[in-house]
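Presented below are the structures under discussion, each in the form of C-alpha cells.
There are two complexes below, and they share chain A, which is joined by chain B in the first and by chain C in the second.
Entry: the complex of A and B
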C-alpha cells in the first residue's frame, strides 16, 4: 500500500509540473506576448520594461528554470491582467471551481447511484423504463447544451439567477446569507455539470448491479430469509462498486472540462474563466498558475479515485507492486 | 432504438450534404426588417385544408422586436423550384424562416444547414485522423511490445488523463488569435487528432497484443510473412469492431469540441457559420430568453449525440464527455 501511494503521489507531482511547464512554454512559443496589449504605438522603453518584468527577455529554457525555481517555493509570479500575485488569484478561482465541481459531483453521485440501483435490479416496474430513457437523454446533453438551456429557462422564468456566483450586494451580507445566496446561484451551473455525469453513473451502476444480481450468494441470502431490501442494498450493492470506483477518477477530468464550459456560460468566477482570460491576454504566469492548479485538481481527483478503487478491490495495489 | 439512432444520424448527414439545396434562403442573406424574427409556422388550414403556406411577418415594434402575422397575405410555399427544395418568397420580404432569424436577420435554419457542413466535416476529418493514428500506434505498441509499447502507452495514458478542453484550449492559444477559416480547420483537426488517438490506440493495443500469440499469426510468420504484412492483413481486421465503436464515440466528442472552441471565440471566426459560432448568438442572456430559437445549434448537437448514444446503447460503453 505504501509503495502504491508513493507511486501515485509521484505521478501527481509529475502531472502538475508537466502541465504547468508546458503551459508556460506554449505561451512563450505562441505569437505575441503581454506587450501586444500595449498596441503598436507603445514606446520601446515601455515594451522593454514590461518584458523584463515578466522575464520575457530571457531564453525559454532560462525562463522555465527561473519559474520552476520560484514555483517550488510557491511563488508563481505576478499577473499582468490583475496586477496581483498569481497565487491569490488562482487560489480564489480554484476554490470557486471546487465548490461547483464538488456540488455537481455530490448531486451526480447521489442521483446517479440511487437511480442506478433502482434501474439495474431485475424485475422492477414500468417506470424503470422511463428512468432508463431519461438517463439516456441526459447522457446526450453535454454541459454546453444543458447550461445554455438552463440559463434560458432561468432567464425566462426568473426562478434562478442567470449568472455569477453572488448577487452584487453580496459583500455586505453576513456569512449565512452569503451561503444562501451562493447556493442559489449554484443551482443552474451545478445541475448543468451534474446531469451527464449522473447519467454515466446511473448506466454504470445499473450495469454492474445487473451483473451481480444473478450471483448465488444473493439467492442464498434470500433463502436464509434476509429481507429483499437488505439483499439489494447490503449484499448486492457493495459488490457492484468496483467499476464505479474505476470511473470516479476519470469523472474528475470530465468535471474539469465540463466546468470550463459551464463557468463560461454562467459567468461563474472559476478556474476555467481565469485560464481563458489569461490565455487571451498571454498573461504568462497566470496561464502557468492556472494550469498548475488544474493539474493539481486532476491529480488529487485521480488519487482519491485510485484509493477508493484500492479500498474496494485490494488486488489493484498488489498488481502495481 | 438502435435503428432510430441510426436514422437520426442519417438525417443529419443528408441535411449537411444537401444543405445548399435544402436551404430556403441563402445563408448569408440579411433581411433588415426581420432581426430576431421568430420562426414562421407553416400552416395548412385557412378556411379549409389548403396547400402549405405561411403568413408574412409584420414588424409591430422595432424596439421590442415584436412581430405579428400579416393574415391578409398568405404566401404559398414553392416546392422543388430552382431556388431549392422549399422556399417562400424572400424577394417580397416573406422568407420561410423555419427556425427564426438571428441578430442580423439571417435565416437560422439555412445557416444551421450550412454550418453543419463545416462542423461535421471537421469532426469527420479529425475522427479519421485520430482513428488512423490510433490504429497505427496501437498496433505498433501491441505488436512490438517491450520498451516501445511502454513508452507509447505512457504517452497515451498521460493524454487520456488530461481534461480535454484545457489542453485543446492551450494548444489553440499557441496559434495567433485570429486566423483564416482554412487554417483553423487544419489546426483544430490536427489538435483533435493528437488528442483523440489514445482512445483508439488503447483498445487496439490490447487486442493486437493478445492476437499476436494466436496460432494463425504463428502460421503466417512460419510462412515467411513480415511484421507489416502480418499486422495489416492478419491482425488489423480483428480490431475493426472496436475501432468502429470508438470512432462513433469520437465523432460527437469532436463536434462538441468544435462547438465549445468556436463558442468561446478560440475556434472559427464569426463570419464562418459553424455550430459553435452560431451558438455565440445564444451567449447573450437577455436575447436568449426572448429568442430561444438561437439555441437551435445546441439542439443539433443534442440530436447527434443522442443518435450516437442510441446506436451504441447495447455495447455498454460509457461515452466520452
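Entry: the complex of A and C
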C-alpha cells in the first residue's frame, strides 16, 4: 500500500509539473501576449518594460526554466491582471472552486448512488422508468445549459440568488450568517455541476447493481430468510461499488471542466473563471498557476478514486505492488 | 415503441409544456409596479454589474474602462466635460480666465474642499497631479496633456490658484483636462518619489489610503465578487436646492462576467443597472421587462463607435504583394463601398437598431458629424465600372475579378471571434463583395492575435469596431495623423506615405491647434471630405445604443460615452432607500 501511495503521489507531482509547464509554453506560443492589452498606441518603451517584467524577453526554454526554478519554491510569479502574486490569487480561487466542487460531489454522490440503488434493483416499480428518463436527460444536457436554465429559474422565481458567492451585505454578516448565505448561493452552481455527474453515478450504480442482483449468494441469502432490505443494502450494494470507484477520479475531472462554464455563468469566483480571465488577457503566470492548481485537483481526485478502488478491491494495490 | 421510450418522450413533453406555461405566465405580469417620479431621497444603495474586474484606482497609470469608472466615482477633475451636453463645466476649478491667444489659463480653485480623509485640498495637489500626469514614464494620459508637442506647463500662484501654460494653442482648450483626475499629494507623492507610482492604488490597497474628491470612497473589495463604495462624507458638491450630495449611501459594483447572467440579474431585481450598453440581441427581452414595469430602457443615441473594414496599405510591407497595386487605388475601395447595401446591413447585423454611416464620425457625435459627405450608395453596376476602370475584370469567368496579370482580388479578412454582430456581418460582407467579384476568406481570431497582426501589418483586411476615446477630433489625432498609432491602414508613418495623407496631416494639425470654434469646424469638414473621397477605411452602420436600469433608480442622465449612467453618480437616487 505504501509503494502504491508513493507512486500515486509521484504521478500527482508529475501531472502538476507537466500541466503547468504546458500551460506556460502554450501561452508563450499562442499569438499575442500581455502587451496586447496596452493597445496599438503603446510606446515601445512601455512594451519593452512589460515584456521584461514578465520575462517575455527570454527564450521559451530559459523562461520555462526560470519559472520552474521559482515554482518549486512555491513562487508562481505575479499576475498582470491583478498586479499581485499568483499564489494568493490561485489559492483563494481554488478554495472557492473546492467548496463548489465538494458540494456538487456530495450532492451527485448522494443523489446518484441513492437513485441508482433504487433503479438498479429488479422489480422496483413503474416510476423507475421516469427516474431513468430524468437521468438520461440530465446526462445529455451540458453544464452550460443547466446553469443557464437554473439561473433563469432563480431569476424568475426568486427562490435562489441569481449568482455570486455571497450577498452584497456579506462583509457585515456574522460567521454563521455568512455560512448560511454562502450555502444559499451554492445551490444553483452546485446543482448545475452535480446533475450530469449524479446522472452518471445513477446509471453506473444501477447497471452494476443489476449485474450483482442475479448472483447466487444473494438468492441463497434471500432463501435463508435474510430481509430484502438487508440483501439489497448490506450484501448487494457493497459488491457493486467497484465500477463507481473507478470513475470517481474522472468525476472530479469533469467537475473541474464543468466549473469553467458554471463559474462564468453564475459569477462564482473560482478557479475556472480565473483561468478564463487569465487566458483572455494572456496573463502567463496566472494561466500557469491556474493550470497547476487544476492539475492538483485532478491528481487529488484521481488519488481518492484509486484509494477507494483499492479499499473495495485489494487486487489493485497487489498488482501494482 | 418500448415502454421506456414512451415514458422518456412523455417526460420531455411535460417539461416543455410546464416550462412554457410558467415562462409565459411570468412574462405577462402586471404593470402596476411602475415607480412614480419623486423628489430624490437620501440613502440606499445601488447595485450595478460590471463584466470585468477592476484592477486599479490609479486612472493616471492605467488606461482602461474599469479604471475610468472607478475614477469617475471616487475622484474629481479641475473641469468636467458633461457627458450629456458635452459642455465644459467648472468642477474643482470654479472659474478661470484664458488669455486671448489661448496660451495661458488661470484657474481658481473651489474653497473649503477637503479630501475624503478630511485633509484640505490645495493647489499643491493640482501641481502634483500635473507633475505625475505629464510624466510619460508613469502616465497613461500624458499624450492627452500636450500642446504644440510639449507637456502643459503648470505653476502654483497661491494655495487657491494655478496657472497653466500651453506651448501652442490647443483646439479643445481646457477640455483636455477632463482626462486628469486630481490626486492627493499627501498619499501618493511617496510612491511617485520611490518609482512605485504605477503599482500604487491597486485593489489590495487599504481603503483608507485611497482618498479622493469624488462622491464615493473605496470601502471594500472582495476579489471576483464586488467592489463596495461608500458615500464620501466630505464631498464638496450640493444639489441645486442645496441638498447634500451624493444622494446614495453606497454603490456596489458586482462582477458578473457573463452578459446573459448580467441581464437576468437586472430582470430579477438583483441589480439596478447594467454598466455596459445593451446588445441588440437583448433589446426584445429588456423591452418585455420594461412593459412589465420593472426596468426602464433608455436610448443613449447612435453610438460614436462604428464598425470598419480596411486593408493594410503599408507600402514597405505590401509592395511585393501584386494585389497592392489595386488595393492602394481609391477606385477599388470606392467600388467595395458601392457593393454594400447599408440599409440591409443595419437590419441584418444590428437587427434594425442601427443607422447607415459613411465615415468615422457618426450622427451620435452631434457636434462634429457632417451629413454632406461624399457617399457611395448601393450600386453593383457602378461598383463593377469602378473596378473595370482600374483593370479589374473577371477574365476567366470564375466569378472573381483579376488584373491584367491574372492576380485575383481575393483577400483574407480577419476579425474578432465570438462577437454576435461580427458573426452576422461576415457572411453579409462576403456575399455582397462576391457580387462584384471581390472574394473574402474570413478568419475569426482571438482579440490578442488580431491586434498583434494589426500592429505588424500581417493581414490583408480587417473588420472590427475601433472604440472612440473622445468625441473631439483633436483628441483623436492618433487616428487622423499619418504618424498616429491608430492611423489604422498604415500605422506610425515616419513621413506621410501619400500626398493626400500629407494634406490630411496639415488640415488636422491646424484643426487641433485652432481656438476659433467655427474655423475648427470648417477644417474638420474639409478633413472628413478628403477622407470620404480617399476611403482608406470603409464604414457601414453605427448601432443605436441602449442602457437599462431598474425603475427604482432616479436621476439618470444617459450618455453615449462610458460610463453611460454612473458618470453622474452623485445625482442618482433610489426609491425607498434603507436608512
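We take it that the second predicted complex is superposed on the first by the 320 of 321 C-alpha atoms of A that agree within 3 Å, B and C clash if a C-alpha of one lies under 4 Å from a C-alpha of the other, contacts with A are read in each partner's own complex, and residues count from 1 in each chain.
Note that a contact is a pair of C-beta atoms (placed from the backbone, for glycine too) under 8 Å apart; a residue touches a chain by one contact, two chains touch by 3 or more.
Note that the structure is predicted; figures quoted are calculated from it, not measured.
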Fit or clash - chain C, chain B, common chain A: clash
First, second, both or neither for A:30, with chain B first and chain C second: both
Partner chain(s) touched by A:258 [first = chain B, second = chain C, both, neither]: first
Which of chain B and chain C A:137 touches, first, second, both or neither: both
Partner chain in contact with A:226 - chain B first, chain C second, else both or neither: neither
First, second, both or neither for A:298, with chain B first and chain C second: first
Touching partner for A:203 - first (chain B), second (chain C), both, neither: first
First, second, both or neither for A:81, with chain B first and chain C second: second
Partner chain in contact with A:247 - chain B first, chain C second, else both or neither: first
Touched partner set for A:92, first chain B, second chain C, both or neither: second
Residue range of chain B overlapping chain C upon superposition on chain A, of 9-17, 117-125 or 279-287: 279-287
Chain C-contacting residues of chain A that also contact chain B: 30-32, 136-137, 148, 151-152, 155-156, 162-163, 264-265, 276, 280
Chain A residues touching chain C - in the complex, by the definition given at the top: 30-33, 36, 39-43, 81-84, 89, 92-93, 96, 129-130, 132-134, 136-137, 148, 151-152, 154-156, 158, 161-166, 168, 170-171, 264-267, 269-270, 273-274, 276-277, 280, 282
Footprint of chain B on chain A - complex, ascending: 15, 18-19, 22-23, 26-27, 29-32, 136-137, 139-145, 148-149, 151-152, 155-156, 162-163, 196-197, 200, 203-204, 207, 247, 253-254, 256-258, 260-261, 264-265, 272, 275-276, 279-280, 287, 291, 294, 298, 302
Footprint of chain A on chain B - complex, ascending: 158, 161-166, 169-171, 173-177, 256, 259-260, 263-264, 266, 279, 282-283, 285-286, 288-289, 292, 295, 298-299, 301-302, 305-306, 309-310, 313, 316, 318-319, 321
Interface residues, chain C side, partner chain A - complex: 3-4, 7-8, 11-12, 15, 22-23, 26, 45, 47, 52-53, 55-56, 63, 136, 143, 199, 202-204, 220, 222-226, 228, 252, 254-258, 260-261, 264-265, 267-270, 445-449, 451-455, 478, 484-486, 491
